[in-house]
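Presented sequentially are two complexes of chain A, the first with chain B as partner and the second with chain C.
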Partner chain A sequence: MPVPERFEFFIDASRCIGCQSCVQACAECDTHKGQSMIQLDYLDRQHSTQTLPVVCMHCDSPTCAEVCPADAIKRTEDGVVQTARKPRCIACNNCVLACPFGVPKMNTRMNLMMKCDMCYDRTSVGLKPMCASVCPSQALAFGTREEMARLRPRAKPVNSFVFGAQLIRTKVNVMVPDDARKEVVDVTAAMFEPAIGHDVLDDVFEGGDA
Partner chain B sequence: MTEPVGTGRALPPLELETIHAFGPTRAYAAGARTDTGVEPDKRVKTHCCFCGQQCGLELKVKDNTVVGIEPWYEFPFNRGMLCPKGVKRYLQQAHPDRLLHAYERDSKSPGGFRPLGYEAAIRRVAESIERIQREHGRDAFAILSGASLTTEKTYLMGKFAHMCLRTANIDYNGRLCMVSAGAGNKKAFGVDRAANPWSDILGAEVIFITGANVAECAPITTNYVWQAREHGAKVIVVDPRITPLARTCDLFLPIKPGRDTALFNGILQFMIEKDWLDHEFIERYTVGFDAVAAEVRPWTLRRTAEVTGIAEKSIQRAAELWGQAKTSFLMHARGIEHHTHGVQNVLGAINLVLASGRIGRPNCGYATITGQANGQGGREHGQKCDQLPGGRDLANPEHRAYVAGVWGIDPNQLPQPGVDAYEIMRKAHAGEIKGLLSLCFNPVVSLPDNNFVRAALEKLEFFVAIDFFLSETARYAHVVLPGSLQEEDEGTVTQVEGRIIRIRQAVTPPAEARADWRIIQDIARALGREQGFTFESPEQMFGELRVASKGGVIDYSGVTYERIEKNFGVFWPCPSETPEGVPAPGPQGTVRLFEPGSWNSVAKGAGPFYFPDGKARFVATPHRGPAEDVDAEYPIILTSGRVVSQFLSGNQTRRIGPLVDNFPEPKVEMHPRLAARLGIADGDWTTVESRRGTCTLRAAVVQTIRPDTIFIAYHWGGRKSVNQLTISAQDPISKIPEFKVCAVRVRKAEAAPDYAGQLEPQQ
Partner chain C sequence: MAEGRAREPGPKVAPEVLRAVLHGIGATALLGVLIVVGSRNLSHFDAALVAYTFSILFATFGLTYRYSMWLARPPTAVYWRRGWQAFFRRGFRVRNAVSWCSRMASDVLANRFILRRGRLRGLTHLLIMWGCVLAVAITFPLVFGWLHFRPVPGDLSLYEAMVFGFPAFRFPHDSLVAFLLFHGLVWSAFLVIAGVMLALRRRIREEGAVALQRFAEDFMPLILLFAVSLTGLMLTASYTWLRGYGFSFIAILHAVTVIGTFLWLPFGKFFHIFQRPAQLGAGFFKDVGRAHESAECRRCGHAFTSRMHVEDLIEVERKLGFRYQMPDSPVEHYQWICPPCRRASFALAQGLAWHGRRGGEPLDSRGERPPAPQFVNRGIGAGPLDTEDSENYHP
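So, the complex of A and B:
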């Protein structure tokens, strides 16, 4: 059974509290137990508690699959990009290096590229992915577009990203503030901004020295 | 003032042999827990064993082993959401460190203990209790219990102390957790429970969070706050640190630790000046406003700013937001409660709620966030030093008579109130208390000034610890009895909203381990006093608890296991019968307290609050500073708290590998300006000293903390324990210790500490 079209994945980094629940829950998924496919990092811990979870964005035209010399990476008809197929993967790392979002990981023990498959074993039978199920801040959310519009009236989903000359459309959405009026997130343009998007004003602690 | 460093308080021993034999070691998923395609024998709908949120989840069981978890999407509080502790909690079961037998101390055996047959161990415990009480009086044997136990067990522990041992000295680790909030709530409202269900957070216009690191200590509450904000709520956070929730709040008040009453007084004064008050509510439903108004009059914005370290404009903005809101939710936790004026802080926060009139209605709420699994239920039914079931008082003759009647004893057989948990340690140190039984309490890690605690335990003639792992405290026991994990027993707990929920047994205890309540009953039997201790199931205990609580403020008499299961929990009070003309609570019990026109057993219709006149109390809160302020010798404030991946004293979570890996060891969190002055760089070994002890840890240099304050998380024991430094000064009313403020000095360490090369992170 394919993942029902009306259910989509939404990421809202502004909600993330860095608790690692998604990372821990990912390793509970039945198809890759004990191994997490999610990366969650502080962007700049010295200046902020801002964290960001990275799951596979499930591109319409997945770069990982395009650069795969063995044609090991398949995108199912419902738009989910799967872990490399074991008989084909030659562990060349092309996908790991090419993915603009930095998602695929090489499992050196198994000589296999492994990545988030949106919990295909769950989502294809109508369940939510593990990470979006447990996320206590719902920075990772799984539901219908209508639900999201009702629950989050101040943000809207965007699924187009620019990396230099490359425009990428993804199955997974990121939530951006409604007033940002962005249809596309220009990732290259943001590269030279502070990692947490702005400088932290230290003056909240002005006069607070010992 | 306590003795200065260098007067004979050595560093804690490394205890390498004990650690080698009993852990803590880290467990990771393996075997059936990582095999794919394992079809579980059953999936048990229950709750997390850790914090007071008590998220619903399913445990997957295969061959009497918990092999994983599955979200329980239907449970309304968390709808499948879990923090990392909930996701990995299953790894505590079938753990290599698990105590499988009883042990007795024996210096010649590996790790200092040798296995002992269960029956022999029980006999030794009973003989020791009997001897100590005969030689030194009944109160010379004390009990320490815990608030992570089911309510049935906490009820039994109170009954065991008061009826079987007849000792006055029982207290519990909620003394470190809920007692300031409890005392404040009883003084102001006459009842001690979150006033509102969490659903009232959604739709509130202003959310005021003070002294609560919600994202790390009550992670599921984050989504409630974010969801309210999506619909326009303004979020105010008061904290000395920019916590993950504070990062994007609308107004952050970076308070100097220990100055909370000043802030609440200042905000209230500005509200009075602007007349942002609900006069009708104050007139009709409260008493004491004028005295509070007089108390806060000197608290101008300028003076409040000077004392609290918060900018005037921010205090004014908080008063504007709070003063003019139509709906709101105020929540606090240990950040304002862990103080020598913790009760005053709670009352100061409640004054803001009462002045606004926003309570007892939808989206108008107030709550303290409970810390432990059964932080609510564990403080209700008689394991506190002055308490009897149903929230009754041990000093009240009518209450004594009622409970004695239920137990079938003469009221004169009940002891008078005893002393709090820390005082039990002082009495042990002074030689007045000679024997101790502890269950679900790890004071060697969790109590302040814990070098003193270790010294106190060493003086005991007999100490028996019931535990599932050999905690740092159990290492001091003469006999260790193998108790049960949460998933090995049936029962109930009461979570943060006041909702009574069901804990389900998923697996049976291994080897000689058994349910804690059976162990207690076995001791009663060995003492020859088994009358009243012949329960055959937790449900039977719950049945008696219902009767014992009937007519009390905390009335469970209308609650049954079946009713809990059918309704995703039942909120107390839930009396089995109400007077004529008073409607019985709905199937879910009393979901929201203090609704206009509501009936309760104290006011009997006079008003919505739990006093004979039905009115809430404003209580004046004069500001007092912390017990130990900074000075030239100890110029920096130390505050302590939690991280998301660890829980309390870490006896469970420091044995769960993936959680240890998340945040392996405590760090000294400090601002770059302070670090620069001290010549400390991120990652440097850093020595922190107080008048009570010394601790060397790595520095984390971050801009998210006040420059006059350092923060250390408290989940570790031995030489990594921040509680070597903290002060045992207590609130005079609640007896909560002042974990949140003491004075320290900080310097770059000359070298790595001794433990660095010898202990794993969790040890």
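So, the complex of A and C:
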């Protein structure tokens, strides 16, 4: 059954509080039992508590699928890029290295690439993915555009990303300010920019009285 | 700015299609010649099996065509070439031959990687695979006229197996060897049916499988294998216990199921039988990569895979029409960025969009290079899945 068209995935990494609920819940998904597909990283562990949750963005023209020599990655008609088909994946690692968002994982012992499939066992029957259903700050949210517009009136969803000279459109959205002029997020332009946040050492060295 | 992939208009009949058709015709013709030669000018060819022979010839064309088309895809073509180059690399041929035998035994014959995915899943595949291998090893030589049995002239208590027209071995027709040999397809049917039952059990009970499975891709092969095995057993039951009741009908039914399976070989899940050995080539490709220079991420500076792999991917992406090049940046191409730095860049880009709206200031990382992101939780099942992930994602 396809994922209902009205439901969409919305990511707002700057709302992430690093609680790891998504990591634990992801491992409960029936399509990859016991293994979490969420990539949750510290952006700059030395200076900031900022964490970034990354799930598969489900590209319209998925690079992972195109560079797969075994033709193991398929995009279903609802726009979900499925994890590698087990009989076909030859564990060559191409998809892991080529994904512009750095999403897939390689299970070498099983000779199998594994990645987020938007909890297809749940979303295909109208339920929220595990990560979005447990995320307390709703950095990972799943619902309708109308719901998001009501809950986050100062933000709007964007699903176009620039990598060098390549524009990639995705099924998953990220949230940007509602008055943002550009309808695209230039990923490579931000590559060497410092993170925006509050330095964890500010209070220690600059607090004075404490 | 390029969206999706740029494709150039090609000629009406693409050269790879023409090449694939020629390969198909060539392979089919070669098998035809081998059938004629191996059956000694068809003198040992069993005319009753002619429908099976032609269905195998058709499947040979279909499989070769699809294999050739598969090899024409840019990523497959690169790794096909790289795999063979790695295998025949000077100074490593003996070691590679030993490694090939080891990988063949571990991955292909013993299905160890499938057993690691799940013991019952591995057992299921072993039963189906070995049942099919046994059945093919028996039936193909018989259908091609390469193998036949005859009573030994002068001693009718003995049977003789003739391979390519040459006597191979003899055995008494009422011996255990004869019983096991002449019922070879029964044993293979038992293996396949047990495997199919286990596979169906998983497909009915596991929620993950239920969500992802498709009829044509996942059920059709099981139905075909079950039909072939069951009708084959019905033939044995008919002539053993029912004095040949309904034998002609069952024989036609069996032929239909077998021929249907052969014709399905190039299209659905069965194609993995021919595709899967590429896994061995991927292994040799990685061995070569590890023995040579690493690629260093042009953002964080960490090594993350082989330089050769990155350069090959840049070439593959170019052929596919992707434009990840970054001409005005020292990075040159996005493929030189490791997966964790890709995730970091993605988050940085979104964070920058909110600058000035949610507080916070640009953090000074106080280093020449931006810091490499680190996994929040490296625990089992939460961080990298295995050693290769650790290399991909580095410490």
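Note that the second predicted complex is superposed on the first by the 195 of 210 C-alpha atoms of A that agree within 3 Å, B and C clash if a C-alpha of one lies under 4 Å from a C-alpha of the other, contacts with A are read in each partner's own complex, and residues count from 1 in each chain.
The rule we apply is simple: contacts are C-beta pairs under 8 Å (C-beta built on N, C-alpha and C of every residue); 3 or more make two chains touch, one makes a residue touch a chain.
None of these values were measured; they are calculated from a predicted model.
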First (chain B), second (chain C), both or neither touched by A:Gly34: both
Which of chain B and chain C A:Glu146 touches, first, second, both or neither: neither
More chain A residues in contact [chain B versus chain C]: C
First (chain B), second (chain C), both or neither touched by A:Pro177: second
Touching partner for A:Gln46 - first (chain B), second (chain C), both, neither: both
Chain B versus chain C as contact partner of A:Leu112, first or second or both or neither: second
Touched partner set for A:Glu5, first chain B, second chain C, both or neither: neither
Partner chain(s) touched by A:Cys135 [first = chain B, second = chain C, both, neither]: first
First, second, both or neither for A:Glu77, with chain B first and chain C second: neither
Contacts of A:Ser14 with chain B and chain C, given as first, second, both or neither: both
Shared contact residues on chain A - chain B and chain C: 14, 18, 20, 23-24, 27, 30-31, 33-34, 45-48, 50-51, 154
Of chain A, residues touching chain C in the complex: 11-14, 18, 20, 23-24, 27, 29-36, 39-48, 50-52, 54, 60-61, 63, 66-71, 82, 85-88, 90-94, 96-103, 105-112, 114, 117, 120-121, 124-125, 154, 161-169, 174-177, 180, 185-199
Residue numbers on chain A that touch chain B, as the complex places them: 14-21, 23-25, 27-28, 30-31, 33-34, 45-51, 128, 130, 133-138, 151-155, 200, 202, 204-210
Chain C to chain A touching residues, read off their complex: 1-5, 70, 73, 75-76, 78-80, 107, 113, 116-117, 206-208, 210-212, 217, 269, 272, 275-276, 278-279, 281-282, 285-286, 299, 304-305, 309-310, 313, 316-317, 320, 322-327, 329, 331, 333-335, 337-355, 357-366, 370-371, 373-377, 381-382, 384-389, 392
In the complex, chain B residues that touch chain A: 28-30, 33-37, 68-69, 71, 73, 78, 80-84, 86-88, 215-216, 219-220, 222-223, 226-227, 230-231, 242-245, 247-248, 252, 254, 256, 309, 311, 630, 635-637, 644-645, 658-659, 662, 671-674, 682, 700-709
